Amino acid sequence: MKAGLIGLGNMGLPMARNLVKAGHALTVYNRKQSRADELKAVVERVARTPAEAASNVEALITMVADDRAVEAIVFNPEGVLQALPAGAVHISMSTISVEMSRRLATAHSERGQHFIAAPVFGRPDAAAAAKLFVVAAGPAEQIARCRPIFDAVGQKTFVAGEQAPAANVIKLTGNFLITTVIESLAESFSLVRKFGIAPGALLEILTGTLFDAPVYRNYGAMIASDKFEPGGFRLRLGLKDNRLLIAAADDAAVPIPMAALVHDRLVAALAQGMGEDDWASVARIAYKNAGL
Amino acid sequence: MKAGLIGLGNMGLPMARNLVKAGHALTVYNRKQSRADELKAVVERVARTPAEAASNVEALITMVADDRAVEAIVFNPEGVLQALPAGAVHISMSTISVEMSRRLATAHSERGQHFIAAPVFGRPDAAAAAKLFVVAAGPAEQIARCRPIFDAVGQKTFVAGEQAPAANVIKLTGNFLITTVIESLAESFSLVRKFGIAPGALLEILTGTLFDAPVYRNYGAMIASDKFEPGGFRLRLGLKDNRLLIAAADDAAVPIPMAALVHDRLVAALAQGMGEDDWASVARIAYKNAGL
Amino acid sequence: MKAGLIGLGNMGLPMARNLVKAGHALTVYNRKQSRADELKAVVERVARTPAEAASNVEALITMVADDRAVEAIVFNPEGVLQALPAGAVHISMSTISVEMSRRLATAHSERGQHFIAAPVFGRPDAAAAAKLFVVAAGPAEQIARCRPIFDAVGQKTFVAGEQAPAANVIKLTGNFLITTVIESLAESFSLVRKFGIAPGALLEILTGTLFDAPVYRNYGAMIASDKFEPGGFRLRLGLKDNRLLIAAADDAAVPIPMAALVHDRLVAALAQGMGEDDWASVARIAYKNAGL
Amino acid sequence: MKAGLIGLGNMGLPMARNLVKAGHALTVYNRKQSRADELKAVVERVARTPAEAASNVEALITMVADDRAVEAIVFNPEGVLQALPAGAVHISMSTISVEMSRRLATAHSERGQHFIAAPVFGRPDAAAAAKLFVVAAGPAEQIARCRPIFDAVGQKTFVAGEQAPAANVIKLTGNFLITTVIESLAESFSLVRKFGIAPGALLEILTGTLFDAPVYRNYGAMIASDKFEPGGFRLRLGLKDNRLLIAAADDAAVPIPMAALVHDRLVAALAQGMGEDDWASVARIAYKNAGL
């Protein structure tokens, strides 16, 4: 497909490489252009503005930091909304708010464009290995049309219905559940450590029984060893997602006490200078509180 | 082995059958004798007192409701502690407090008897299928000696060191982690339901990605469908275990906010008449609070 | 003083009457004009636009629902910011976000106007009796200039420094503390009720000893009797303030677990249809959870 | 009255002096006898056993550390229960569990003795000044009979009915409410401090308006200044009372999330070595978490 991709962060860059590898004709844009220039040899074009990346494409992917970045790129008077051809589709793959997803769906629809929310699960290494999980929601025929894109970056695509924001709700919920695992393991390891039991021993039992899942294996290993390098997902961004989840829950009038608990932990970690660490290092707040 | 088993509840009864099936010569005791009589045809003997079940055995298994039951059975002046032969081993397989485990280890040791804490993970159906997971702690040679017993009731045995209470800490921690999964799913499903997304759709995505573990599949299915029949583990007992976990954490000076959160939910469920339901039905508190 | 007042809700209306009573020449504006017309006989003028209320005044008071209302009234291209004379002062007396207060301070300053944040404590009956407490922050000479206004509506004015947002932080913190009193009493009364003790008996002891303060007497009486009529402050608005507090705390990287706890309660109350009730009726969530 | 008093801690000692001052003929007992000997000159007798202090008295007051101490003193085969004359009354003034109060009421009643639970509010300085608040529950005529004792140590006595445990529920609830004030102020001061506002300024506003009560003034001053000397009530004991409250709530099936929150804070403080500090110093956990 003739596609554009805006946002070459530690997720967007490997995704771009995989899109090229799969044969898509890709135009890329990044705010810091030097990062886009790294791809010069393999992409169709390096755009100098978001609008340029959205012109003449069938699909425009955004993989940017947050709502504010989407706002700037899309709703800017000279932005994506203006430049995207009628009939083309905007695929928002970053983690944005449910409300922004709703706004995007409406705005694109009003201009005869299409919109798919397709956030992904997976850290940079999964992005590099084209092993992301994609959760896509939007008009069925548009999702069908964009399959080659999802297949190029992910190992599996889940379709979450025709309402784009549903995919964002699911993505935020998934991230929320990851944080509950991190916190619950942090508390558990605090406890066993104080009883003289090695966290690794507990982890082996957990993952050898009811908790045999990647989320426990991966985060469990980091938290048990109290080593969080190399960081895949910054705590500051994790806190942002936590806020989006709480905002979505508020919007729907759903109490989410576990998200509130995690929120306090993340804020404490931020206040103590851990904003740029991997978000799993929030576990250290539990360790500290236990006097460890 | 020549073994005794005290406690034929919905876990103890199928365990007894599997011990017999594996060829152990079993004496059983149950407070309500009619339940023990069901096994008359297959066991060596139906004892009329706990002491009788503990006499002339190499290993005495207790699988009873709580600390109070252990207290009554073991520390009664005419109880197990008196009757168990020197050199024999008491295997406590029920979920008891860390403090009681410590007391048992000391008391048995003082009388030249041995003690192993070997609580199990798994619900009655796993007990029936001999698919329990056993977490055993105690003197290494005693654990080796009791392997045939663990193998008869479980699919795998984890050894958690020489200090018996470690196994109880791990068991309580495992149960705690299950409750965090239940609560986190309850909150997640509340959220997606209010956005018009089917809980089953979310669950499929979760278990198809990072959360591909029995605990998410099993409890997820129950909570997503809001059906908790047939109950495997009563909420009232789950609350008891939650209290034991909190007591152990208190003892070790470890804050466990997630356990506190779950505690409040379980107490609310109890107050609203759900004490005899499956403990996963605590999810209904989250649903109620969200106006569902 | 020659003053304007925008917003004649259940707080603004009695405040307007007291300003008139104190001799100020008042122009009023309300979105629903019929409400403003009630004051026709006593005020200088009933304005038909916010800008009209802000023209030709020394001080312009806003007492509106939320940030959005302030946004619409002030930052509208034909709004207060344009109409307010240079040298005049805008006094924001409603409960708005810390961030909005910061924006207002900057925007007014850039136009040679002044800004004071002066939120108030007190319910409609206190507003009617000119017994509000005013917390004012902003340039000292402006606060001195506006004293006659504060004196007309309140029983006491506290000065919180020269930075306007400080007053908003304090107001939000005060409201937060009220919610902690409500929740703590709700939990306490749940407990004593289940022990067969009358909430009123506990309340008498509390207010007769360490807790002899209006907040315990007033809210205590409502919660003890489970009667919340007539409502003075709607739960929906209380939830809004709770959100503003959490946002301010987030902004400053301060964990506020009690605010999170109250948040969940307020959201649960909203989900269960209590949005228009007095915010103290959130106590019913505690009662419900206790099976009362 | 001819009275005995067991327990001369930092509350019991000043209470003993005030009882003597009021003219009561007092026998005292303390585990560490040297402490009792300090009173030799003024009391009737220094007893060498709890039983001796309970013999030949009309009323026997216990003011000891916890349930365990009561257990040892009263239920010991040679304890108070045996020694107290028929018709005499045991007044338990320390903070004990609801369950222990129930046991005491039953045990004394079975022996033709009387029992009053009469826990007090107030710190050592209030005890020294005979300014305690007494909350008494038990048979009305016994309370009437003991008035002179209550009047000698306190400024006011509240009667909480004929069921002794009611007084303990109320006392625990009062202590719980104090902890909610401490925690809510700790969070509030964390917030304003990070906005550059002096905690003292906030406190002045609070106590000048809705929060004009001793509990806010006293604890507020300590927390605002981050100075907790001299400690009046040790954190370790505060945690004990928190546990008793949670146990009572559990017993009655009442969720008490605020108590759970405070519990986690107190445990964190204990784990970080603050067990012997004043319980208000738990506020430092909030400060730490905010990076202050």
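Every chain is named by a letter (A, B, C and D) in the order it is written, and numbering of its residues begins at 1.
Criterion: contacts are C-beta pairs under 8 Å (C-beta built on N, C-alpha and C of every residue); 3 or more make two chains touch, one makes a residue touch a chain.
A quick note: this is a predicted structure, and the numbers were derived from the prediction, not measured.
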item: A-C compared against B-C, more contacting pairs; value: A-C
item: Furthest chain, CA centroid comparison against chain B; value: C
item: Centre-to-centre distance between chain C and chain A (centres being mean Cα positions), rounded to whole Å; value: 38
item: Geometric centre distance via CA averages, chain C-chain B, whole Å; value: 53
item: Where chain A touches two or more other chains at once, by residue number; value: 249, 253-257, 261, 264, 268, 271, 289-291
item: Of chain D, residues touching chain A in the complex; value: 264, 268, 271-273, 285, 289-291
item: Chain B partner contacts - residues on chain D that touch it in the complex; value: 243, 249-250, 253-257, 260-261, 263-265, 267-268, 270-271
item: Chain C contact footprint on chain D (complex, rising order); value: 98, 121, 133, 135, 156, 158, 160-161, 163, 165-166, 169-170, 173-174, 176-178, 180, 183-185, 187-188, 190-192, 194-197, 201-202, 204-206, 208-216, 245, 248-249, 252-259, 261, 286, 289-291
